[in-house]
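A, B, C, D, E and F label the chains in the order they appear, each numbered from 1.
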Amino acid sequence: MASNEVLIIGGGIAGMQAALDLGDMGIKVHLVEKNPSIGGKMAQLDKTFPTNDCTI
Amino acid sequence: MTEFSGLVGDFRAKVHRRARYVDQSKCTACGACAEKCPTRVPNEFNFGLDERKAIYKDYAQGIPSVYTIDPNHCRVFQGKKCGVCAKVCQAKAIDYEQKDYDVDLNVAAVIVATGYELFDATQIPEYGYGKLPNVISSLEMERLLSAGGPTSGHLKRPSTIRGEARLKELPKLIAKAEKDENQDGLAQLKQEQEWLEDHVHRFHLAKKLGFIQCVGSRDFRFHKYCSSYCCMHSIKEAIIAREHEPETESYIFYMDLRTVGKGFEEYKVRGAEVSGLRYIRGRVAEITQDKDLNPVVRYEDTERRTVQSLTLDMVILANACSAPRNIPQVARLLGVALDENNFVKTHPNRPLDTSVPGIFTCGCAQGPLDIPESVAQASSAAARAAEVVMTGGRALAV
Amino acid sequence: MSNKMVGAVLMVGGGIGGVQASLDLAESGFKVYLVEEKPCIGGVMAQLDKTYPTNDCSACIFSPKLQTLAQNPNIEILAYSSLERLEGEAGNMRAVVRERARYVDKEKCTSCGTCAAKCPVRVENPYNFGHDTIKAIYKDYAQGIPPVYTINPQHCRTFRGKKCGVCKKVCPAGAIDYEQQDQVIELEVGAVILSLGYQLLDVARLGEYGYGRYPNVVTNLEMERILSASGPFEGVITRPSDGGHPHKIAWIQCVGSRDPGKGMPHCSSICCMASIKEAVITREHDASIEPTIFYIDIRAHGKGFDEYYERAKTDGVVRFVRCMVSRLVEDPVTKSLHITYVDEHGKLTTETFDMVVLATGLRTSDECRQLAERLGVQLNEFNFCSTSSFEPVQTSRPGVFVAGMFQGPKAIPGTVTQASAAAGASARLLAPARGTLTVKKEFPPEKPVAGLEPRIGVFVCRCGINIASTVDVPSVVEQMKEVPGVAYAGENLFTCSQDTQTDIKRIIQEYDLNRIVVASCTPRTHLPLFQETAREAGLNRYLVEMANIREHCSWVHMKEKEKATDKAVDLIKMAVARSRRLEQVQDHQLPMEQSALVVGGGVAGMVSALNIAGQGFSVDLVEATDRLGGHALQLDQTLKGEQIKPFVEDITARVMSEERIRVHFNAKIDSVEGFVGNFKTTVSTNGGEPVEVKHGVAVVATGAGEWKPDVYGYGTDPRIRTHLEISQAFTKKDSTVLNAETTVFIQCVGSRGKDRPWCSRVCCNHSVMHAIALKEANPDAKVYILYRDIRTFGLNEPNYAKARKLGVVFVRYEAAEPPVVEVGPKITVKVKDQLLKETITISADSLVLASAIIPYEGNRELARMFKVSTGQEGFFLEAHMKLRPVDFATEGVFLAGLAHYPKTMDETVAQAEAAGAHAAQVLARGYVDAPGMVSVVDEFLCRGCGRCVDICPFQVPELKEVSPGMLRSEINPALCKGCGACGVACPTGAAAIRHFKDDQIGDMIDAALA
Amino acid sequence: MSSDFDPKIIAFACNWCSYAGADLAGVSRMQYPPSVRLIRLMCSGMLAPSYILKAFEKGADGVLVTG
Amino acid sequence: MNLLGIDEKRLRREWISASEGQRFAEVIREFTEEIRKLGKNPLIQREIAV
Amino acid sequence: MTLANIIDSTKAYYCLDCGICTGSCPVSRVTPDFSPRLMVEKALMDQDETPYEDVNIWACLSCGQCSARCPSKIDYPDFVRKVRAEAVRAGKGGVTAHRGLFQGIMRIQTLNVKQSKTGWARGAGKISASGDTYYFVGCSPFFDIEFRNDWGLDVMDAPKAVLKLLNMIGIEPVIHDDERCCGHDLLWNGDIDNFRRLAQLNVDLIRNLGCKRVVFQCPEGYMTFKKYYPEVIGDHGLELVHFYELLAAELKTGRFGFNGLEATVTYHDPCRLGRQAGIMDAPRVLLEGIPGVTLKEMEHNRQSGLCCGTSAWMSCSSCSKEIQKQRLNEAVEVGAEVLVTACPKCRLHLSCALRDVEMPVKIRDLNDLLAEAVKA
């Protein structure tokens, strides 16, 4: 039986963005992350270049 | 994820969920448990620059907003008497009996967004990473710069941070040694205390920073590829550091400055003009330290053709963007091919398609990218996945 | 005529004396006009084959000097000329010189020799005494200077009114000018030196020994030409009568000499040694020849002479017969010569010889006598120039000096010494005008060769037949053309000749050579010449390499011609291999301390000091005792009978009043540091606080001692005295000496023996002089002189005759059977008379021992301090026995007086003047040449370990701190002798000697064994 | 062993002593076998041991060091 | 030399002064004879052809 | 080999001018004119013969620090080695130390020599005429000639100690009079032809003796046999063992142990043994196996071990001395009384520097130290 769900492995910025996009499309997403929290490296960053925006 | 099978449109995956020993549904993330937890553990999130407790959350805004017990450190799991968290948790969310469990999923598509890992700089012993306290990675630097970081954004030298911590500890140890009449030990401890006090007093903030590019990147011993974002990343860190502390001087040791994105070159120039960054062409040969734990970098200024050594307060390594260490297992499980660098291999014309139809990838899992690129890829991958969901994978299952 | 000093000297005579004086003067900053009668300069020395006692090839050691002279821009050679008149006063004279017509334009002639080759007229060659022929257009000898041909109008067909003109037709340079006239030249000079040389007694005219009638009777000088490789027989000993090879050759000594009947009462001084040398060389040429020397006394009275004589005698090389030849007749058939003589056993013997050499006496020529008369220069009774013992180079005319044979018979070193002394005397006279008329030699800029592919020119010398008769020179040249890097290879008859130098320069330009290799003789004598030539062609001196294919090849492998050729090829290939690696090396000039230190306050030291001071330089005179004068204070009179005391008092007063001389009495030299131009000597006086004297040059004039005999009862009886003691006794008019009834002189006490093999030179004269004095004071006194050879050489010979005439008894003893002395109421002297073969017993009242003159013990220590050498016997060793008698091999240190060797007063004064002249010559230059061939330390390679400091025999390297904890060795190029010891000791290869680098030597090894 | 060959000997000579001695031998026409290839040094102190080794290496049958 | 196995007799040191021409010739004569007896330099017979 | 080949085989073409080599190079620190990358750069810019003229090719110590760190993995020492060989072919050469004495000895060994260099072994231990294990002694007997008298250094104590220790672990090795120098120095001097000869002679000798295994104490010999012999003479089929690995393995078995020896030591990694052969643990295991020995690590150790300043009896200079002083200083800095070397040459070179400078540190050979510490 075909599924209409998506598995995303990795809860960093890429995984999260994909999940958000899919979710927006109404598709169920499973986001698998090995750490207790999603966010990945970007959550560890302070600001981003070149705009010096705070990442979080 | 422990098992994976199926074809596009109909994948079956078993996901192993580790026990948090906290009931996710009950936990309100009030933090009382952590506050009361007696066990201090170095905080990986901040690269050990500060501590967390045995029950913790990676970071304040962490999602899901649930605390987790670290069974490797929790007294209860070490067979000691404690249970403090269970006692203080008003939501009664603590559940020491919780077990790992498996979840079976049936999905139409998979997106591999496993990101990257920092290159392990201890592989370059001449940089002294891991040995020299004031040589840190670029991500550690992020934590030091972060208002939410261990130093609340003050650019304290790691040796100072650790020294301060040690100084807090020392009186107890000294007292103990006095009690034990361990004269040698006492003398040593007192000497250490004296030295540390002086050190911490004299070296508080790191003002003279060296950024070393291409640590593990563009290096045939490790990664031949360019990690793409590090040049900009280091410049950014240097600029931010200067914003935090106007006396900061930064030196960026580079081979080529790859400021190739939109607005990047201007950013670099601004770094030099406004933030006083100094770009030095030359890859650093080695880092040693002097008696004050100041890192000393030796390098050839290839523009002047002179070998120099420069004493800094802190050195920040622009570690390469490496494929995560466990990615081969994941790939094996998914059946997707990896490239020579262990990034997920993608189709040349469909940059997000892996070797397995219905499995897509995005972000640093398929190669070094900066944030906007990752985001862009993520959206694309989502679109590709959606396509599968929408079409039941027919479009791809040819 | 103005009174202005003229800074030029007229040198009359182009022999070794004239050449030496000219060079000295030119070096000292004076313009020299060198006037020579003959078409070429060189004199007799150029004609000689070898020189004693070193057996050096005469031409070899002389021709570099001739070359240097020819290349000196401040010496104008006026050959084929004579001095006619001399006007004016000392310091400013006008000389009138007549330059005879050569009928060849000397500016145009290239000395190519085509004219002589084509000239149809053959005439006897006077240069070779008629043993071969030359053409009517000729040059005396191949290397002759100036390199210009001359027409002898007496023989030239053109001048004899016949049709010819061949030379003019063939001369490529158009140099022939039959219309040429004598030129009269007037020269402004400040002084004149006469070094007119000598003439052999005309034995033919006297009919002595059939000379002139018997073709196989020749003179010493003819024998020199016969022996010479460049002589008429190309070095093959040949009998003139038939061209055959003689087996027995007799030398007869004293032909004309010591013979008042022939107007030659003097001893010619040099003939004994000349004959021994010729006999030795003859044997070397052909070991089957038996040489015999007939003599009266063997006069081997110079340094190393007696040793030479003893070697010839004991090695059985030469037979010596002490006997005059009573009769000599020619065998009309064989043309051999029957000689009748009384042998050692008193038996009359007749022996047949294939050839006879007459040791013909020397005299002043009639022309010289006339010249002397024209110049107003007095001659003495022997027709030699009259001089005093105290001013041996001063003629009777102020401003006119004399040197060499014209002053009296003497060997080459004596001539050279006097020449330098005369130059010194002239320089002193003209000191204010120094440098006013001289020009500096300009060289073209050096061509940089670094990085260029080597283009080597190889010049292989035939050296007449010296090389070519053994080594196949054309084949060698062909083989050299194949060697990589060789851009040119060619041969020359005499590579050292003036015309070849011009050729070499042309070839360097034409072939764009950047290195040259000369394969000829030893670089020790000839390298400087070729270096100069290269330099004139714009090549650095150090780009010249030599291969010695004569001394080390052709001469020593005469019988193995093929192997010698192979070896020559190897030797040249080695030189070529080295030359490929040669680099330019720069010499430098260092500043100089313009003052002198004279060690020794005797006559020699004082005269040297006065000469140097007289030339305007300050002098520190170090005397060990508390008074000046040395041994002269103990002497009564000179051999000429002049009182010594007034002279010593006079020069002592002059020294003391000369403001440029500072005398250190009771002084001792503690240490000497530094090098020519910059010596630092520590002198302590009376053991007091030492003072440091800075000086540019030094003269060693420390004198010599008298041996205190341990034989003949000396020391046991006051009646037994040494020479010095007898002199003092005479001065004090000691009656026990003057009134002795019987006086015995024993000669050679301590000299000419095993321990002291040298002849003390002065003792025979001294004893004879005192014997005469005794006899003159008391004709009844009995005076015996027990001798081995009476050596009253030179102009003192008449004293010997006089002594005999006065009744002095001369008893000859053999060294093996010395006299026996017993001391009793009388002194009994027993001696075996070699004439009577009987023992004679003499009861004497006074015994005089002609005790040896011995070197001071301290010589070796002083030598060490000044880094000079002493001979085996302990006298100081001069740089070259013949040609550099007052120099040390160490630059800037000079030698005078008895410290060198025993000598007479006039010889001492002459040598002291000469030493002073050479010292002043160095000072006058004002800077020191620092040769480039020294060690250099590579700054980077040196790790400052100091091993060079430890090993250097001259203490040159110094460690300097260049950065904290980092030392580096520095080598002062002026001090470095270039021995290379540091380079061997250096672990890193930092210290390396320029011009002798490892790869340069290594490639030679490769080439030798390739 | 063959005793009838022409050995090649490399000799090192000091310019002032033995080289002059060799010159004197030449001037005196003292005959000796043409086996020696003389290398002139300015002083025997210049002679490095490696020169001797090199000579043997290149096939010299003998090496003579004269000072 | 010993370690390398080169016969020490092949190397000779002599002090010859400037005046000892005779001795120079003698030394050469003797040494040449000595070397003749020792034979050719054994080193140059190469063991291997490279 | 043409320059293009050299560039190609050493990857010199990939030099990105990052300067890591120069910053790492011990020579460049002292001699600013020297830079591995510039050397290569010149070759790249100007592909004619000029690199052969470059004096800098002789200044390289071939310590390999540059290459170990080179991000492009350019083999600079190999580049130098090959360029030197070509330079030598073109008639150029470097300045040899000790006036080329050792090179002379080596070249003579390419010939038909009958050596007698095992005399030292008499009384030092037991050796066999035949057997499996050959002990390659190396050049110490030759060094002994130069250094014993002049320097008062007994370099023979090392081979003697090795023999003693080998005997102790039950090996009576074969050694031989006609063993040649391994040729390491000629190889690095650019004299490839003679290197090849020596390689062949040694391999033939050992094979003809029937030995299968070669034990080295000398790091140069070990690396040369291992890496460079196959290059010139192909596979020699010999098992190559470094003595320390052999001994360290034996120590682990507990079959022998060390006596006490009170000393604070530091260990100097020879470039050939450490960085190049990768043998860094064994000597430390051995040292730390001696009771009473405290091992302190110098600032530059193991992979970053500093060169002793000279190599291949060439390019010894003020620069060498400076490097040696730095090295000795590092030992003093960490409070070591004894600097332990494991290569006869490192020992000589550092000892040489210590002759001229006052430093409170002694130099000892590891073998000798181990022999002293060994239990009977």
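Details
Here, a contact is a pair of C-beta atoms (placed from the backbone, for glycine too) under 8 Å apart; a residue touches a chain by one contact, two chains touch by 3 or more.
Fair warning: this is a prediction, and the values are worked out from it, not measured in the lab.
The set of chains touching subunit A and also touching subunit B is empty. With D-E and C-F as the two chain pairs, more C-beta contacts join D-E. With centres defined by CA atoms alone, the chain at the far end from subunit F is C. Nearest to the common centre of all protein CA atoms is the CA centroid of chain D. Of all chains, the one whose CA centroid is most distant from that of subunit B is C. Our note on geometry: subunit C versus subunit D, Cα centroid distance of 30 Å, whole angstroms. Separation between the centroids of subunit A and subunit D, computed from CA atoms only, is 90 Å.
In this assembly, the C-alpha centroid of subunit D lies 37 Å from the C-alpha centroid of subunit F. If you average the CA atoms of subunit B and of subunit C, the two centres end up 96 Å from each other. Multi-chain contact residues, meaning those touching two or more other chains, occur in subunit C at positions 54-55, 556, 983-984, 998. Subunit F has residues 98-100, 105, 108, 111 in contact with two or more other chains.
Interface residues of subunit D, counted against subunit F in their complex, comprise 48-50, 53-54, 56-57.
Residues of subunit E touching subunit D in their complex: 6, 10-29, 31-32, 34-41, 43-44. Chain contact summary for the complex, subunit B toward subunit F: residues 125-126, 214, 218-221, 255-256, 281-286, 288, 298-302, 305-307. Chain contact summary for the complex, subunit F toward subunit D: residues 98-101, 103-105, 107-108, 111. Contact residues on subunit F toward subunit E in their complex (touch as defined above): 105, 108-117, 141-142, 145, 193, 196-197, 200-201, 204.
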